[in-house]
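Chain nomenclature is as follows: A, B and C, assigned in order of appearance, with residue numbering initiated at 1 for each chain independently.
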Amino acid sequence: MNIPFDIIFQIFVVMCAIAAITVRDLLSAVMVLGAYSFFMCLMWAQLGAVDVAFTEASVSAGIGTILLIAAVLKTTRRSKD
Amino acid sequence: MDFIIAKYNYWIYIILMMIGFYAMIAKSNLIKKIIGMNIFQTAIILFFVSMAYKKGGATLPILTNADMHGEHAIQVAQYLNPLPHVLMLTAIVVSIATLGVALAIAIMMYRKYHTLEEDEILKAIK
Amino acid sequence: MKTLGLIVSIIVGAFLMYGTIDMPDWGDPNSPASIHVSPRYIKKTEVETATPNMVTSVLADYRGYDTLGETTVIFTAGMACILLLRRRKEAGKARR
């Protein structure tokens, strides 16, 4: 039984996406979105797009998560859905 | 079975896009909507980058030392397609710009209405 | 609203999955995206730009105006964020 890497990454990415929109606490949702961005970065490195993976790891998983955390801290953590 | 093996990657990208689309339509929290928009954008970028992939021993789009000195001719099938990578490099940076502006608008609405839920904002406007 | 959103997203996803029947196979080396423009970049990038990384040469050399326009987009987004989040002290109170 030899499961290729891309199937594992795809399952993880879909799970992280579903978790990010179902968690009620907004800070937890933002952290799960950071994990989603990191798995997406690994997937692009596995597809051979190393420059895109570098950009995703620094820009989207770094600056994007920081922007979202700052916005959540400025507003509120609670959400109804 | 061959058909499923050839196409299942596209279906996973479409499932990711559906998750983001559902979050943009059905969730009432503004931050959740922005998270859904981010997932949608990443799914589209993933679809574009996967079009650059070539099965059968293609390597990264970086020339090796032997290629640079012209020791043998460059085979096109030996390297991945660099063009979608370049276009998506631009799209990632633009997606961060839209994320920043959307979060700024959400913070403005929280300052004015003291809530992030869409239905409460609609009630306060009326 | 929730069931309506679910129905709409499932319909859109079904149409897109129907569209993948006509797509080329995943990872096909002879797909239209791989045989039209990019062979010229792959073959000529060493002669014309002397850069080993093709992505960098296309980004900064062949399509430099694209990157210049991207800088304009980032500047506009930064200015919009500053204008939206600025705390209006005296002028804002007078206007409200």
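Keep this in mind: contacts are C-beta pairs under 8 Å (C-beta built on N, C-alpha and C of every residue); 3 or more make two chains touch, one makes a residue touch a chain.
None of the values given here were measured: they were computed from a predicted structure.
Graph distance from subunit A to subunit B, where chains that touch are one step apart, equals 1. Of all chains, the one whose mean C-alpha position sits at the greatest distance from that of subunit A is C.
Subunit A and subunit B have centres, each the mean of its CA atoms, that are 11 Å apart. As a whole-number value, the distance joining the C-alpha centres of subunit B and subunit C reads 8 Å. Mean C-alpha positions place subunit A and subunit C at a centre distance of 18 Å.
Within subunit B, the positions touching two or more other chains are listed as 9, 15, 22, 28, 50, 52-53, 58, 61, 85, 89, 93, 100, 107.
Multi-chain contact residues of subunit A, defined as those touching 2 or more other chains: 51.
Shown for subunit C are the residues in touch with two or more other chains, namely 53, 55. Contacts from subunit C toward subunit B in the complex involve residues 1-2, 4-6, 8-10, 12-13, 16-17, 20-21, 23, 25-29, 31, 33-34, 37-39, 41-43, 45-46, 52-55, 58-59, 63, 66-67, 70, 73-74, 76-78, 80-81, 84-85. Residues 6, 10, 13-14, 17-18, 20-21, 26, 29-30, 33, 36-37, 40, 43-44, 47-52, 55-56, 59-60, 63-64, 67-68, 70-72, 74-76, 79-81 of subunit A touch subunit B in their complex. Taken in their complex, subunit B has these residues touching subunit A: 9, 12, 15-16, 19-20, 22-23, 27-29, 31-32, 34-36, 38-39, 42, 45-46, 49-50, 52-53, 58-61, 80, 85, 88-89, 92-93, 95-96, 99-100, 103, 106-107, 110, 115-117.
Against subunit C, in their complex, subunit B makes its touches with residues 6-11, 14-15, 17-18, 21-22, 25-26, 28, 50-56, 58, 61-64, 67-68, 70, 74, 76-77, 79, 81-86, 89-90, 93-94, 97-98, 100-101, 104-105, 107-108.
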